[in-house]
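Okay, so here's the structure we're looking at.
Chain naming follows the written order as A, B and C, and within any one chain the residues start at number 1.
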Amino acid sequence: MWKRFRSNMGAMVGVALLIAVIVVAVIAPMLFPQGPWQMVQRPFLAPFAVDGLPLGTDTLGRNVAAQLAYGAQVSLLVGLVSTLVALLIGVPLGALAGFYGGYVDEGAMRFTEFFQTIPNFALAIVLVAIFEPTLTSITVAIAIVSWPPVARLVRAEVMSVRTREFVDAARLAGLSKQRILIRQVLPNTVSPIIVMASLMVATAILLESSLSFLGLGDPNAMSWGYMIGAARTVIRTSWWLSFFPGIAIVITVLALNLIGEGLNDAFNPHLSRKGKA
Amino acid sequence: MSQTLSIERLTIGLPDGADRPFAVENVSFTIDKGEILCVVGESGSGKSMTANALMGLLPPGVDVKSGRAMFEGRDVLRLSEAEKQAMRGAQVAMIFQEPMTALNPLMRIGDQIAEVFAAHNLYTQSERRARTLDLVREVGLPDPEKIVRAYPFQLSGGQRQRAMIAMALALEPKLLIADEPTTALDVTTQAQILKLILDLRKRRGMAVMFITHDFGVVAEIADQVIVMREGKVVERGDAAAVLENPQHEYTKRLLDAIPTGKLPEARTLSETPALEIKNLRKTFRTGGGLFKPVREVHAVDDVSLTVARGEVLGLVGESGSGKSTLGRTAVRLVTPDGGHVMVGGVDLAALSEEELRKQRNKVQMVFQDPYASLNPRQRIMGALTDGPINRGVPKEKAQAKARELLEIVGLGADAAMRYPHEFSGGQRQRIGIARALAMEPELIIADEAVSALDVSIQAQVLDLLRELRERLSLSILFITHDLRVAAQLCDRIAVMQKGKLVEIGRVDEIFLAPKQDYTRQLLAAVPGADWAQSQEVPA
Amino acid sequence: MTIFAVIVSRLSKAILTLLAIAILNFFLIHAAPGDPAVVLAGEAGAADEQMIEQLRERFGLDQPLYVQLGKYVAGIVQLDLGYSFRQGAPVAELIADRLPATLLLTLTAFVVSLVMGIVFGVSAAARVGKPSDSVLTTLALLFYATPLYWLALMAVLVFSVWLGWLPGFGYETVGANYTGFTRVLDILSHLILPALTLGLFFTAVYMRMARASMLEVSQLDFVKTAKAKGLSDAVIRRRHILRNAILPVVTLAGLQAGQLVGGAVLTETVFAWPGIGRLMFESLAARDYNTILGVFLVSAAMVILFNIVTDIVYRIVDPRIGARS
């Protein structure tokens, strides 16, 4: 497993990029002790125009490099926590639906379908707008629009594992249903869940940045989407203000996608890149 | 007779990291015009690779290292891709094992047959249509006009295989390669397809290379046989000669898997029943809802039978006969609609979910698929001790017992700490048997427990069951689609068809004096039946 | 099931879903911090005390919750989505005004991305492992990771600001008063950048699906059968693999239409495209919840309609469904 993952070039590039982003997020307070909000120079400074400001200043004369570093914190935090919350909703729901079938399944799947039909970004906008933008409301909103695919995946996996004969064997051993679900069935669904989770963190980061771009970011947290949104109107004169945060997003999301794909290939060696064999 | 195909010293290399360097090594054989050559071997013997090499259909990474295959004066192994393409379907045709997946699900049967003509730019549209209808008729498909417009999912497995054969015959090939074409079919369907291939050979005079793992099939259709093992030919010759007088040890072992006229001696059975099934019924309903009509299948329809203590009762039937449902109902994996399942004075069919969990140990099951019946994420020890510990057996005692059982089934106690993926299919079935024994059941239900195994492994597992039967005086309900396997192990045989019990009796009664038509049909359909009968006059 | 029965059952399900969304909207208004009447009126002092009093009466805010809910839902059933005090017009009217622009944008983006995604995915699969496959998959991976609003901004920067090739703003040239064919061309030129930038992300999504599906189907048994017939690889790909591989992609694409409609909010914001997404963005700043919820409901309705259409197309194309029962 690990060997296959390690020998995957793309995945290793992803890991390296992600580590770089994490390091920047962690040492941001050391690099820029004054924080991302403070005015340090005159506004609209181009990159490298002044020493010590490699990425220039924004519309209010704040250090773009510092903003980027602190933005990494927000992106990673929201991406990770909202994915965890989505898993907490989706995994139990999907597991119960897939394992018990019948009315439980019917009910759970109607509920899931309902949430899947709603355009998820529009729902996220509505939720954050109504509950006021804070890191908590943003995280919860992203989780609420992200869990349905988890539930569907877990349900499908559980349904397929459930029909395997070792589950019958466990029933014949007299084990209770709950125990069979938790000890026998769920451990066999972990790999696809891990793959999906890594891709979900990426999607969550994109969602967070999109919300902030529309002005629905936490006003007390510097985020990449907010930076692009704020610089949108000055794109003709100061393109770099929109450009660099976008690159930061692309790098982070790309890294997570590469890792997710690498994990997928490592978990399913027979499915990956068949044509190359 | 003239040679149609002559293979000389064919060697096919496997990619690096495979379990052996060559899929096929130094294989030579010839097939004459109008002759059927059976290539016999177990999985991994290289028999399919040989066929794929001839068709130019080897998977990537696998390629011909040396040797020739002369066909119509050319070495087909050295043809260009375009020449191979022109040859495929026209001079050499092939049919495959899985009729369910070998047809394009989105294309009408007629179009798929007519496509062969299109591939080789022959005939006009209307001629193609006419010829397609002729072919459909020739392979014995009912209602040809309707069949050509049908989609594959509307046909049964046997019908799909006939459609495949129609496709293969379209351009009157000189050589037909059949890769286990009947393995996925029921015995009666298999018998029909074998007969069709024999008829067509006679009518068209083509050569047939027939790949199979089953010597019964060989006895039915082969003129010549080669036996392959691990990429090498171990035995070759006239079919009759090989069947009667096998030279190689391996061939003998494969042949032993076909029961001859010698049936096991009837043992005296105990009077006390281990299992009593009374008037058991189970109906499955599918569909239902706003727009779908309810469809009912009577999977088990008022069946009564008993298994005596220490007896092995074979339960035989084709797919859809309800034999597996009966087995699953008897262990209460499926709850019956009516009737009783009496084991040790308890009616399992009547217990509540909670009471049932306490009585679960009474009947245990050995499953069909060795790869699905063990949890890949649990050590063998866990699989063997979960049940006993759950029943209140102290952990140390359960673990000691598990080690002992692993010894008994021939794996050794240290197997306990390993994971399922470290074992082969046959070994996994042994673990499955140990798991069932760990619960100290009154009855074991073996549901197609050896069907997924290669013939020689099958024999080993049957030996183990036979040994355990003596040693532990086990009562077993042995469910199988294969009468020959049942004959090797069972005391009595019960035959099921469409949910009903057709006939039940001692093995010799069923084999030598079947009372019901359906039983006779089943027996007649068993490949190699005539040959086996003629081998030895029963006592 | 006949197609007619399918449509009836899907439509009835759709109506239930929309009712559920309406109910969700109602509870969201009540869950928002503050007086529901004030919430409905919108912030920024757009509504005066008298208006709020009217609202209270109209929605029966002094009555029990279920009565309020009944009134609210009854209103929605009559296509009354409330009144935008901010814009001084009924929300339904505002949306009806803006809907054509959004439909034009999302449908174009959907068709463009589906066609491009399938074409690129199929050609990548045909050249699997070769340099052209690597280039295509890497590009797909890149666009898959790119925020579409940022891509839109960069496209404006490059093609509109720097190169001046295409307009980067609006639906048509303001004040030009084009008519007939000239107007169509004008709108088209305005459409290119928004539709492409909205579509590129989804092109990447569909291309990855199409490529994976092609590779998967090409491993199936019937492909080997086709080869054994003597068909050429090109014919096998076209007649056997393509149809089997594309069917699931189209279905999944239909299911993802929701994301596309959501993404339109971002694209319309960047390009000042006068659709309902832009309307939603404008309402966000004004805290005009009535309009926000109205747009939300209508975009959900659009997605449901999309899903029904793909479902029906799928049933027509795949003989296995419908014929079975």
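Heads up, the rule we're going with is that a contact is a pair of C-beta atoms (placed from the backbone, for glycine too) under 8 Å apart; a residue touches a chain by one contact, two chains touch by 3 or more.
The shown structure was predicted, so the numbers you read here are calculated from the model rather than taken from an experiment.
A.B. asks: Counting C-beta pairs in contact, which comes out ahead: B-C or A-C?
C.D. replies: Of A-C and B-C, more C-beta pairs in contact link A-C.
A.B. asks: Could you pull out the chain whose C-alpha mean position is farthest off from that of chain C?
C.D. replies: Result for the farthest chain: B.
A.B. asks: For chain A versus chain B, what separation do you get between their C-alpha means, in angstrom?
C.D. replies: The mean C-alpha positions of chain A and chain B differ by 47 Å.
A.B. asks: So, what's the distance in Å between the C-alpha centres of chain C and chain A?
C.D. replies: For chain A versus chain C, the centre distance works out to 22 Å.
A.B. asks: Measuring centre to centre with CA averages, how many angstrom lie between chain B and chain C?
C.D. replies: Computed from C-alpha means, the inter-chain centre distance equals 50 Å.
A.B. asks: At least two other chains touched by the same residue of chain B: list those residues.
C.D. replies: Expected reply: no residues.
A.B. asks: Spell out, as numbers or ranges, the residues of chain A touching 2 or more other chains.
C.D. replies: In chain A, residues 275 touch at least two other chains, as defined above.
A.B. asks: Of all residues in chain C, which touch chain A in the complex?
C.D. replies: Within the complex, chain C contacts chain A at residues 17, 20-21, 28-29, 31-33, 125, 128-129, 141-142, 144-147, 149-150, 153-154, 156-157, 161, 215-216, 218-219, 255, 258-259, 261-263, 265-266, 269-270, 280-281, 284-285, 287, 289, 292-293, 295-296, 299-300, 302-304, 307.
A.B. asks: With touch defined as at the start, can you tell me which chain B residues reach chain A in the complex?
C.D. replies: 15, 59-61, 328, 331, 333, 357-358, 360-361, 363-365, 367-369, 372-378, 383, 386-387, 390-391, 432, 435, 439
A.B. asks: Which part of chain B faces chain C closely enough to touch in the complex?
C.D. replies: Within the complex, chain B touches chain C at residues 55, 57, 85-90, 93-94, 96, 98, 101-107, 115-116, 119-120, 151, 153-154, 164, 167-168, 287, 290-293.
A.B. asks: So in the complex, the part of chain C that touches chain B is made up of which residues?
C.D. replies: Those residues of chain C that touch chain B are 1, 5, 9, 220-222, 224-232, 235, 239-240, 243-244, 247, 318-320, 323-325.
A.B. asks: Considering only the defined contacts, which chain A positions touch chain B in the complex?
C.D. replies: My answer: residues 164-166, 168-176, 184, 187-188, 275, 277.
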